[in-house]
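The structure that follows is given in the form of structure tokens.
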Amino acid sequence: MSDALLRVQDLHTQFQTSRGLVRAVDGVTLEVRSGEIVGVVGESGCGKTMTALSILRLLPDPGRIVSGKIMFRDVDVTAMSQEEVQDFRGRDVAMIFQDPMTSLNPVTRVGNQIEEAMTAHNKFDVNAARVRVIDLLDRVSVPESKKRVRNYPHQFSGGMRQRAMIAMGIANEPALIIADEPTTALDVTVQAQIIELLKQLNREMGTAIMLITHNMALVASLCQRVVVMYAGRVVEEGPVEQIFTSPQHPYTWSLLRSVPRVDRERRDRLISIEGLPPDLARLPPGCKFHPRCPFAVQRCREEEPPLADVAPDQMARCWVLMRNVADDSEPMVRLRANAPGQGATGD
Amino acid sequence: MIPVIFFVVLITFVLMHLAPGSPWDKGGGRQLSQSVVRNLNIKYGLDKPVWQQFLLYVWNAAHFDFGLSYQYEGKTVASLILGGWPYTFTIGALAFCLVVPIGIGLGVLAALRQNTRIDYLTMTFATFGASFPNFVVGMLMIIVFGVVAYNVSGGNVSLPVTGFGLDDHLIMPVITLALLPTAYIARLTRASTLDTLRQEYVRTAWAKGLSERLVVLRHILRNSLIPVATALGPTFALLITGSVIVETVFAIPGIGRSFVTAVESRDYPMILGTTILFSVVIALANLVVDILYVFIDPRVRLD
Amino acid sequence: MASAVAVPSQLIDWEQPEQIGLWGDAWARFRRNRLAVIGLTIVVLLILDALLAPALVHFGLLIDPLTQDVTHIEVGPGRFGHLLGTDELGRDTLTRLMYGARISLSIGIFVQAIVLVIGGTIGLTAGYVGGRVDNLLMRFTDIWYAFPDLIFVLVLVSVFGPSLLSIFGAIGIVNWVSLARLVRGQVLAIKEKEYVEAARATGSRPLKIVLRHLVPNSLGPIIVTLTFGVPQAIFLEATLSFIGVGIQPPTPTWGQMVNDGYQAVFANPSSVVFPSLAIGLTMLAFTFIGDGLRDALDPRMRR
């Protein structure tokens, strides 16, 4: 088993706003191993993007990393100086953003923007740099790369722009690429191509990928492990097949159920999760999901469950665990017996 | 550009001819006799029908002949304009050289350090600069640096209050003229830079590991200064209107002041000629800015 | 049947209540802006002053602005019963300042009324009729915008003389452009909305509907634009008075007072300082109010 490349340990990121203290990331622990593809899923506002931005120390004002560690190999990113962070960004860990139209500088040539990513970390002579940029564009399958280098972003199509962003990301062959909803702003057909590209890069270059998305289908096609987040914390994690076939957390189960599937019986309505994501400045007591959880019991309202092992290699944060989700029938639920001060309550 | 100027000339010309009374009615002086008036009319071409006068005027104007001034016997408008030109140009050019770097500098600084004391200070300065009319500022400067300084220092230290000279005579007029445009550019630059800072590509630049210097220069400024460039046209207009007042306050014999005296004495050829000059200069400035814009913003290029 | 006609008007009425919340909300936000409140206080004081000044004179609390105290010419502030001194004809500065406020405020109000009428009409016509008329009007607007306001006002005043009417008219004529563009934009936006289509489909005249929606939706930005127009108008009038082609004496205006003080600036600088500060502070006050209104009514900030 390969070593952990990135280890986020009990990260707390907060925003002091006029509405109160927003706990965007509230005790997140996760890990990405070298060469691995990990998916981080959850609804908008669950803290997945803020976790990613915290890793690169790119939090917008007034965000602050309040406590916790982010270990990249043996170094704590939260303790790095400004220069060290600038070296770290783009060279060790690169990030790709959601909307390539607004993520690229509209008045600078694409080639220059890619070149910039390289020359920020290494010295290149002018020609070598140009050649490498063209090579990178080829690597991400941008056609007519020699011509395209001189183009401006508005002359690229959406898919090509995202490829250019990826080229910028791999320019320094980083050990990890964080991709924040890389396909959400693209057409469906193009989405598949970008996912293929990411798979290919992972195979050829051994780059680890942290894919942030709300789209479970993408996770299924690309990732090896998945981390499910809700209200700024991790609620379930484990290998993809395991999670998909037997999710233990009601939220994960609801997310999977809400994806319409062709191979199942058609229903009259789409299934969605009742209620709205919580206000991160006014979180409910106990389990943060309990107001929307179909299986919540009294304990869920009072005490927040810890993230605990529920199966080999799978962890979930829930008092009520689920069984029998192979088909759409209502799962049987079982209260967790191993919590202190609580006797086992039967199925 | 041409239609603008033509339109301006047309309107001004029509207005001149709507003016009641004839230019020979110099109030308070002796009335000229009928025959003299008739001869003057013929001499100045005022006896022809209006539309003919207009065409004649346009033709002459295209050859830089703006006719004779009514106030200064025998002098052509063109010569008066040429005479005043160097003074106006010097002050205007110097003011422009202050406006651009200081205005942009303050605006960028305020935006990058938003909500800090620097931001409040610079923006307060800009608000005041934009709210006190330039003759007020000029007056106050005269009082502080001319009168008060003189009194306090017993006649030793003070700035010259009137007249033109290539020395400290220039200090107060140039600063007074530059104040309003600087405030305007500073506010615009700040707003534009704040807007740019919110853009996603700035975050991409940081994510690539670029230094602050590179992010500010290549990504932030490169974008935020585009709207500021288009504002240079109106800045020119401000400098021209400003020069009218500044020259009056500081008694500088430039075109602005000639314009004011022309208005006071109803010297219509002079008014018309100067107005045309102003509109040509402004139209040219706007044209240059439009051309420049194509070079600055690649999104508008036709390819 | 009735329903076919009822549906559009139901849609329309349903939209209206939204606006009521906006004003209460906006006032709360405005109140929180300290500068805006200060500006408002100053303006309210000015209005009171303008309205009450003649009464104060009538009751002997204030010296008549036309009275010339020839024994006390150009005295400094606080002497001989003249709180702020006198001018070169012995007239009391304080009372002339207070009367000057009447002119400045009138300029602000009446000019903006003219601006509203001209700009509103042009904007409404251009937006509603569209097509070639719109193009023509917009070209016209662009040409008008490019020309410096002061110059044109001076030209107009030189033609029509410095009467109250011509000055008000001149300033109003040069300043309608921003309002016209604003109104046109609003009209275009409303035209796009479905209820206009629906109304047309049932045969009712869209103009009435457009007008009915124009007012609540654009009242906010129109008020902001007009508020910002006031300091511009005050500035132009003061400049005209300063040059000497503004409102003529004996009606006191602040610009005139600065000009008069200019002659005596070495002997009695305070005669320039007070009217200068009056002009500047008034312009600032309206600018602060304008900023406050704009932030308070910004739809982006609505919860």
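Here the chain labels run A, B and C in written order, and each chain numbers its own residues starting at 1.
Keep in mind that, in the parts below, a contact is a pair of C-beta atoms (placed from the backbone, for glycine too) under 8 Å apart; a residue touches a chain by one contact, two chains touch by 3 or more.
Computed from a predicted structure; not experimentally measured.
Q: Going only between touching chains, how few steps reach chain B from chain A?
A: 1
Q: I need the chain pair with the most C-beta contacts, please.
A: B-C
Q: Farthest from chain C by Cα centre, which chain is it? Let me know.
A: Ranked by distance of C-alpha centres from chain C, the top chain is A.
Q: Could you work out how far the Cα centre of chain A sits from that of chain C, in whole Å?
A: Measuring from centre to centre gives 54 Å for this pair.
Q: With chain centres defined as C-alpha means, what is the inter-centre distance between chain B and chain C in Å?
A: 23
Q: Of all residues in chain C, which touch chain B in the complex?
A: Listed in rising order, the residues of chain C that touch chain B are 143, 146-151, 154-161, 231, 235, 238-239, 242-245, 258, 261-262, 265-266, 269, 272-273, 276, 279-280, 283-284, 287.
Q: Can you list the residues on chain A that touch chain B in the complex?
A: 56, 58, 86-91, 94-95, 97, 99, 102-108, 116-117, 120-121, 152, 154-155, 165, 168
Q: Could you list, by residue number, the parts of chain B that touch chain C in their complex?
A: Listed in rising order, the residues are 3-4, 7-8, 12, 15-16, 18-20, 127-128, 130-133, 135-136, 139-140, 142-143, 146-148, 233, 237-238, 240-241, 244-245, 248-249, 259-260, 262-264, 266, 268, 271, 275, 278-279, 282-283, 286.
Q: Using the touch definition up top, name the residues of chain B that touch chain A in the complex.
A: Touching chain A from chain B are residues 199-201, 203-211, 214, 218-219, 222-223, 226, 296-299, 303.
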